[in-house]
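Pasting the structures here.
The following pair of complexes shares a single chain, chain A, combined with chain B in the former and chain C in the latter.
Moving on, here comes the complex of A and B:
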């Protein structure tokens, strides 16, 4: 590229891993192993709760990639989780495909849907983009509600699952959850440590400047939008397959977007650690205070508002001010 | 290397640049002067692709640039700094350079480490390599702007008021650095209000006023031009 006289370039060392990162990786592997072992010792209720938590983490991490790095604030990601889940039910229930294989095959649906949706919405800025995604989700919900093939508003049941015992179902779902976490959290970590992670972080900090430094911001945003749709779709498929039942209001409800936004804002936007912290907070808040209904939701909303106003980096941002020990280190440190 | 023919830019009814013709030869340092609002930064935005021209053409190494987006122009070898530094604030100084070297320079990340470290040394930023860019002083932010533009090895470097806001000593250090860049054969177009800085490096200057070219030539001759003295320095002949 350069036609100028080169500078002298002695070799340098660049460190990209930290002790805290290695410890976190070991703990992460242990947690994945624990997840895989759940069907052999945990109760069905516990497994269902853990599956829920895993789905929250996956959906929030995908939203984090979208909003935290690509600057695409979507409130309509439920369109992709719902479509993928419905396609899983159709493939398994109407075409007789093994439901676990159907979950994998269904990922094509959110990917295919994401392409025209991005084409339609990518010229919209900020709140207009957000409203656009919500409209898309509502349109998909209304279409589903009126299509007899998927039993319209009454929804569908995954009766084919009865061919498996409860433990076999638990094993299948736990394996899929482990793969989902590896794909969404591990995949995001891998992406951020790659060359494209540099571009994503640059784009997060200043998209105009990133473009002037050779980053194809438009293409990167498109790829992130599609990848986030697929990751969200996987979470939707797994969630509803474990519930064995799907209806349009459940699949396309705006609460999916609210949960993702709450988790990411509370934990810390633009960091994987923040998503894990936020997901744990939401999960336990939901377990302990969910019975209070509207009051509980108001408290969650006020908490999100407080963090947005006074703690922009979320709880992870506060923690990093105290101790610099990232669980998912992505920084390149020059060691001369 | 760079040639503008009949270049124009309007924002609605506001005509910012009009029928501009100029060229820059390889290895040359062209100074761009003009009062505030003359259209200097808009000219840079047209060269870097941040804005599209409403008239005329821009050529770089013979290729018409008009339809190329900013990222592609950066990959062609056009590097730029911004008047108000725009670093990637949460990334370190070193990482700022990696972005530019890997994407504008179209290289694998690992291949860029040594070069980025060398550029940091050359720009006297090596001691801040692992500091978040948002925490740098103004002088170091300006150095970072320059270092980031140099990291991919540009053929053409656009400097937008890089010496603005600096002390005389800081400005002198920056001029020395720009001289070293020039001596390595990089073509430079430099917008500057700090006249002694740009005049000490530029081989030729152009002056804009209300979006039109009013003078062009060697630095001393341009500064002695009565029209330039009138519009730029407020001196009536």
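Moving on, here comes the complex of A and C:
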């Protein structure tokens, strides 16, 4: 008697969604709707700070994708946000393109920049990759500072925005923020639930064994690097378009890296929930203690050090040990 | 003639950069960690030196004598309290830990010393120079270069001819195997960081004498040190020294092409080396 093996895949049911995930998705949709309704009832100051929060979330999530999953620790993502923002200003101010369309078009710049940067830097391992990205950000900053076309060190203003009323501007920026959150947070979640998500998670846990299981680690890293550059670029374009003004030190400042690292590490690296928690903490800390300037930054720095030494999983890591209720479930469960 | 002058000034500038880079080459060679507080520590030491000099009324050489042991002690403490906890194959924890520390240090310095730029009074030595033809060569930059050569030579000898050097290289090759043969990696690591930061004590005094220091300057020094190590090729202290020369010359020549181009020229040479010869100019394989 010979036993025949079924040639097709066995019929199994895999479930990734959980009750907590469904609740979180409903709340998320509600928050996006609230964001879109802001221009009709909120004050200008509130809208401006919500836009900032959205940009922090996007930049931090892109950094999380890089450092948390692809193992590419970068401290130079401001090269991409700065370049995209500058291209937005050039397209809108010098070429007369509608600023909101300019923001979308500007995303080509970080994508194009990311290709040679990755080509050069992927030869550096671990920590040296990080400082390499910083050098790239410095190079872009110095070049921008020396180019008269973009007004060199004096920076540019987005004067064409005066063609819109304050409310029109707020509507445009809020729609873009909603799209940015859907693209960066929603996109990351979609990616993690897709076939690539398994590969990414395997790579996060151990790149060598992931490669031995057939994951093309090099290619995946390259794609993540480009995607993160575009996501970070979008945040930069939106942020500076709402500020209406850009200068090289603001666009390429290392504070951007500090913010992303702080949010991801405090919240919990390698999880989307961690980014949201970290961004909320940073946002409120900045609102309440930002006036203390240097002392506040000393505390942020020491907190980051503390998390790196004693609390690698961040706050989300602590929470998941207490209660297992993921907002963005990616774990696959075999039902039968 | 201005290009020859650029070359000479570049080599002299390279002497200062070599002092930044030596410690980083040593730490990376041993522990494979990059200490992002490298530049900030040098600024901290320079500011302490400047305060000591004015509080005690002592000259720069006395400051050097006090500062180097203090620097070594800070390095030892840094390794014991922070870095030993994050040394691993995964580069993330050490990067994040030192990144946080760097932000904290920079802002703490800002509060203690304010954002003003300061320099260390040298009692006239900073202005002294020799004239050869139409080229002026500063006495102080020559002293800096000679000190850099002595430090590099000393470190190289230490690595190849002492018991400590052998333990260091053994730990670098394989931590566990080294531990089995009776080397205590944690002690070796602490000593290596003490030496690396001790060298920064020299760099701090010379930086304070040659130009100015302000709390936010550390990032630039970190990047120069890093570029020198990569340009030269990882793994040897003489490689870091020669990388610092290449960087100094690139910046000096670039500065003579256009004042806005000096630092950028250094970065571009670094990226060029990375594209053409990623193992570094003097690296193996």
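The rule we apply is simple: the second predicted complex is superposed on the first by the 326 of 336 C-alpha atoms of A that agree within 3 Å, B and C clash if a C-alpha of one lies under 4 Å from a C-alpha of the other, contacts with A are read in each partner's own complex, and residues count from 1 in each chain.
One rule holds for everything that comes next: a contact is a pair of C-beta atoms (placed from the backbone, for glycine too) under 8 Å apart; a residue touches a chain by one contact, two chains touch by 3 or more.
Bear in mind the structure is a predicted one, so any value in this text is a computation, not a measurement.
Shared-chain residue A:23: touches no atom of chain B or chain C. Within the superposed three-chain model, A:211 lies in touch with chain B and out of touch with chain C [touch as defined at top]. Touch criterion met: A:198 reaches chain B, while chain C stays clear of it. Once the two complexes are laid over each other on the shared chain, residue contacts for A:265 go to chain C alone; chain B is not touched. In the superposition on chain A, A:147 contacts neither chain B nor chain C.
Residue contacts after overlaying the shared chain place A:115 against neither chain B nor chain C.
With both structures placed on the common chain, the touch criterion links A:123 to chain C but leaves chain B unconnected. Only residues 1-12, 14, 194-195, 198-199, 201-202, 204-206, 208-218, 270, 331-334, 336 of chain A touch chain B when the two sit together in their complex. Contact residues of chain A toward chain C in the complex are 67, 71, 73, 75, 120-121, 123-128, 130-132, 134-136, 138-139, 142-143, 145-146, 254, 258, 261, 265, 269, 293-295, 297-309, 312.
For chain B in complex with chain A, the residues that touch the partner chain are 48, 50, 69-71, 74-75, 77, 80, 82, 86-92, 94-96, 98-100, 102-109, 113-122, 126, 129-130, 148, 152-155, 184-186.
Note for the complex: chain C touches chain A at residues 28, 32-34, 36, 82, 85-86, 90-97, 99-108, 110-111, 219, 222-223, 226-227, 230, 260-261, 263-264, 267-268, 270-271, 274-275, 278.
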